[in-house]
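Which chain is which? They are A, B, C, D and E, in the order written, and residues in each are numbered from 1.
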Amino acid sequence: APKESAVQSSGSAAAPKSATIRIGTMAAPDSLPLYVAQQAGYFKKHHLNVKLTAFKSPKERDAAIAGGQLDAAVSDAVALSTYVNGQLGFKSATALTGYFGIVTSADNVKSVADLKGQAIATMPRQTPTFYLDQQLAKAGLKDTDVAIKEVAAIPVRLQLVANKQAAATILPDPFLSMAKAQGLKVIAQSDPAQYQTTLLAVDRALGQNQAVMKRFYQAYDQAVKTINKHHASDYQALLTKQLGFPAKIAAAYQLPHYQAAQAVPTKTLKQAFAYAHQTGILKQAVDASDYQLQVQ
Amino acid sequence: MLTVSHLGVAYAHQQILEDVTFTVGPQEILAVLGPSGVGKTTLINAICGQQAHTGTVTLAGQEIDPQRQQLALVPQDYGLLPWLTVAANVGLPLRLRHAAANQQVMAMLEALGLTPLAKRYPAALSGGQRQRVALARAFVAQPTLLLLDEAFSALDPVVKQTAYALFDKQWQATPAPTLVVTHDWEEALVLSDRLLVLAQGHPHLMKNALADLPRAQRVHAPAYPQVLADLREAVAAQWAK
Amino acid sequence: MLTVSHLGVAYAHQQILEDVTFTVGPQEILAVLGPSGVGKTTLINAICGQQAHTGTVTLAGQEIDPQRQQLALVPQDYGLLPWLTVAANVGLPLRLRHAAANQQVMAMLEALGLTPLAKRYPAALSGGQRQRVALARAFVAQPTLLLLDEAFSALDPVVKQTAYALFDKQWQATPAPTLVVTHDWEEALVLSDRLLVLAQGHPHLMKNALADLPRAQRVHAPAYPQVLADLREAVAAQWAK
Amino acid sequence: MGKVKMTAVALVLIHAAWAVAALVVHQAVLPTPWAVYAYLPQLARRQLQWHLFFSLYRLGWSMVIATILGVVIGIACVRLPRVGRVLDPLIYLTYPLPKIALLPVVMLLFGLGDGSKIILITLIIVFQVIIGVRDAVRQIPASVYQGVAVMGASRWQTLWYVTWPASLAGLFSALRIALGSAIATLFFTEVYGTEYGIGYLIMDEWNRLDYLGMYGGIVVLAALAFILFAALGALEAWSSRWRRSA
Amino acid sequence: MGKVKMTAVALVLIHAAWAVAALVVHQAVLPTPWAVYAYLPQLARRQLQWHLFFSLYRLGWSMVIATILGVVIGIACVRLPRVGRVLDPLIYLTYPLPKIALLPVVMLLFGLGDGSKIILITLIIVFQVIIGVRDAVRQIPASVYQGVAVMGASRWQTLWYVTWPASLAGLFSALRIALGSAIATLFFTEVYGTEYGIGYLIMDEWNRLDYLGMYGGIVVLAALAFILFAALGALEAWSSRWRRSA
């Protein structure tokens, strides 16, 4: 049988002998710089042979990490705490540019504070819920003030809210944009310039290879720079094919301002780990900074 | 009265029975003789509606319909249900009619020496025992049409006599048109009133010269050896054609 | 030479055969008679190793082992494989020994009038046809031990004579110790050298008074009616006990 | 009691294989049996009985509904040939549909509670029961029906005296297959709208990458499955006593 | 050609039910058949043939491996009673294990490519084949073996002349069940490490909330499944010619 790469239109040609990095990506704007760096040849230029593997859900991504099939993965702060729990040896390298929004279909919900007593569809013990918790806290609510409906699959969550079987849910893009397109209200959205919970997790070997990491960051930063000079309209193919944007949504999409490679703010990471400890993911308190790599 | 007219059966382009016409009186027993593979079983199956055929079969003037007429058949392979005990198999025709079965079944089992086997399943029986269960099932049904397809072939001579006697008794009590398929000339003479000899799909009716004697006495009749020899000759002549 | 000594079989707490001891000479045919359910089939199955038993069975001095000795059995229910055609069923014993089968099979089918059925599956055969296929399969195997369990019971008198003659011919060509289970006194007299009468699990050996005559001539022997009557009486006496 | 002994042998084998694999892989993904068993008491304290109860509740209902539907439809497919000729292609067209894709529709119609879970499990396994029963019924030779037909059995009597007993072994085989599928399906139905169920427990532990807890849950699940299979086996043995004398 | 006609009837029925449901629900989650069919050409332009090819490739290998393993193990369970007594509990203990939980281990051993997908599908369906074959072999009455045993058949000859033909119908029934499961499993194996496959296509469309595309994929999948089922049926009809004369 032909190899899939032979069929793929965007198959990469044989790279020069260089460091190979296997990265798991998610269908979200967070992964865009990786794809741009790949497509524009930035990785190759920095003698990195990067292999991107797309995942549809965190579950399979984490299985691939646990199965030793990935050197790095687009992940998030709470997921990182599960890697700690699972002793996978992954650490946080750079923060990625990603964001969440809380959407609602309830007419009487105008702000986060109005969520009191409402049903919220989410998957507890994951980063979106961590974000929700923080937003609730800001609005003076506790997580017991809302009724959590546990639903793993994001499209189902969106559907539940659209059908008014739940009042609100927390979504990343592209689902956030799709929700907006369906007429759902966004009552809160995180700003990637200040609040970053998605990150690139890397395994021990890669994390310790500072030379390679350095080249990686250079390629990444170059991609970020390039993206920030362009508009979503320049990345329609990537957005629709790799990042899961429906064509219509992609056309109307506004790219966030991408951040150069930088460590996740230690404070955010610590909060996430504290959340992980509090929800039972981490059996004991863990110092988050032990799982954070410096970004030079 | 059973009326079979212009009955024909074909399997996959091969005509087995053709234009078979005969009647069996309401109180008559017809023995069916014929070489192996001539179509005796096929005839029986066609009569009781289990085989597609041309022509018509009527019982007491009505088309045969097992749901409205009480038929009883002892198939060549006994046709017992493996998941029912001997007693349940024998009682089945009564149960299907929502009639009480127990007492009659037990009496019939006793008469055929099957009482100790009442609670066994057919798989744990000998060939002859299975055949007797099938006979008991047919007798207990008090049918309006009785069809026996080589129904005594697996019995030893002693038990066979008992079975003949029982058959006679049951039949006298509730006579019905009856077909007895057999390969045994003696059985034909002892049980039947008339003989139907099948040869190459065509029927030939013959008288049973002993038909006027009570069944139990026929073997002992002085004419018996001669009648048997004559029958043998006549039938052989039919088949040879 | 087949030696059966102290053979015993019990099903679920019921002793069917007990201390059965006899021998069958290397060129001898033993007829096995006994009332229905006495254990004839059980005896046959025990001999060919298909039924757990006590005591021993040896053939030519060795324990019976179907993989090393060539046994042939016509079971009471014919035992044909439904997924093999008639020809394939008959040729099976040869095929299992990796021997060429075609020619012998065809000759045997011809002899039993089965040639037009060679490509049929057993389900499309009449009872007697199936039995003839089973006979052909046993004859073609040229066995060192032949076991026939009511193997002629479904045949019409004419075909039965052909089958007897064929059996005689085959057996003369490659004689082997043979057991013929039958309910038919005449069959026993015509085919066998000696008789084994089973009564309540115990064996009684009897001579066949016609054993010295060639098989084909026995029915016509002047002594035949008398011998038959004697046998009938003797056996009935045994069973009555 | 050879059966008990052999089950013990099987248990030893499976644990040995597991232990060897765990020692070879030597990663948190695959903990050793002893580590998992040592963790079990801790797991038990986490309302294990309620997790078991809810899973059993959902399994039980799905199996009952799937059995009833499967038997009725499976038999109808064969015994009512006209119905069958329409149902057969219907089954082949709908069986392999991704039930996960139906999730939104099922949720829309039945909500997030046990109702939609039971419906979903049923949707997955009912086809297996239908196909198993149908194929078993199809294999009953016509000659078996002939006897009761001549005796004048009605449709229902034929069903009761022939079709049902003759296809029972096939039904049990199908139920075994369906039971395994149903249990495996818990991991896909108990991930929404519930905090109880063995499936939930395992997935939750997995989401935390808590492999000890996850394997603990799996061990409990395997034990549960084994008991259910044994129960099915006992039921079958009882209902097919007549085979034993063959 | 009553079969073709009835299949047409089934198709009409299924589409009618779908249309009614779509009109009643009246939401994007459940588009109408005509909307979906109108969308199909668009879907076809998206390398549908390669999606089909890769799914078939994975399905094919899994079915082949599962059939071989299933037949061997299923027969061994019955014909080698000692083996069977150990294998039976092993099967009951491992069948319902959540294969999804084995994902990391499978990935560890077989990577992210087709290998791990094929193994995963095989792991899910092989038990269904084993159980189906085993139960079919178990049902063969001892008397069927007797004939060839007396003729001195070796173990292999017995297998070839009795066990295999007698359990073939059961095997096909099991394969039908397994095929359905295998197809349904694509949605769970084609969501990682690939961009081709009908399962991938459907999940991808679902994640874009593109229900037209999703249902289009489902329609294609149903057609594929129907063809595969028909092929299995034809194979079975051919291999059990002897039943036809009954």
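To be clear about the criterion, a residue touches a chain if its C-beta (ideal position, glycine included) is under 8 Å from a C-beta of that chain, and two chains touch if they have at least 3 such contacts.
Keep in mind it's a predicted model, so treat the numbers as computed, not measured.
Undergrad: By number of C-beta pairs in contact, which chain pair leads?
TA: After tallying contacts for each pair, the winner is D-E.
Undergrad: Using mean CA coordinates as chain centres, what's the gap between chain A and chain B in Å?
TA: Each chain reduced to its C-alpha mean, chain A and chain B end up 83 Å apart.
Undergrad: Report, in whole Å, the distance between the mean C-alpha point of chain B and the mean C-alpha point of chain E.
TA: 50
Undergrad: Using mean CA coordinates as chain centres, what's the chain D-chain E distance in Å?
TA: 16
Undergrad: Where in chain A do residues touch two or more of the other chains?
TA: In chain A, residues 59, 62, 66-68, 155, 159, 163 touch at least two other chains, as defined above.
Undergrad: Send over the residues of chain B in touch with two or more other chains.
TA: Only 77, 123-124 qualify.
Undergrad: Spell out, as numbers or ranges, the residues of chain D touching 2 or more other chains.
TA: Residues 27, 29, 104, 108, 141, 143, 206, 246.
Undergrad: On the basis of the stated criterion, which chains touch which? Give every pair.
TA: A-D, A-E, B-C, B-D, C-E, D-E
Undergrad: Report the residues of chain B in contact with chain C in the complex, numbered from low to high.
TA: 11, 33-37, 39-42, 76-77, 124-129, 131-132, 150, 153-160, 183, 185, 232, 236, 239
Undergrad: Quick check on the complex: what are the chain D residues that touch chain E?
TA: 2-3, 6-7, 9-11, 13-14, 21, 25, 27, 29-30, 85-90, 92-101, 104-105, 108, 124, 127-128, 131-132, 135-136, 139, 141-143, 169-170, 172-174, 176-177, 179-181, 183-184, 186-188, 199, 202, 206, 214, 218, 221-222, 225-226, 229-230, 246
Undergrad: Touching residues of chain A toward chain E in the complex: what are they?
TA: Its residues touching chain E are 1, 4, 7-8, 27, 53-57, 59-64, 66-69, 154-155, 158-159, 163, 174-175, 178, 182, 244-246.
Undergrad: Which of the residues in chain E end up touching chain C in this complex?
TA: My answer: residues 143-144, 146-154, 157, 161-162, 165-166, 240-243, 245-246.
Undergrad: Within their complex, state which residues of chain A touch chain D.
TA: Touching chain D: residues 59, 62, 66-68, 82-83, 85-88, 123, 125-126, 149-153, 155-156, 159-160, 163, 165, 280-281 of chain A.
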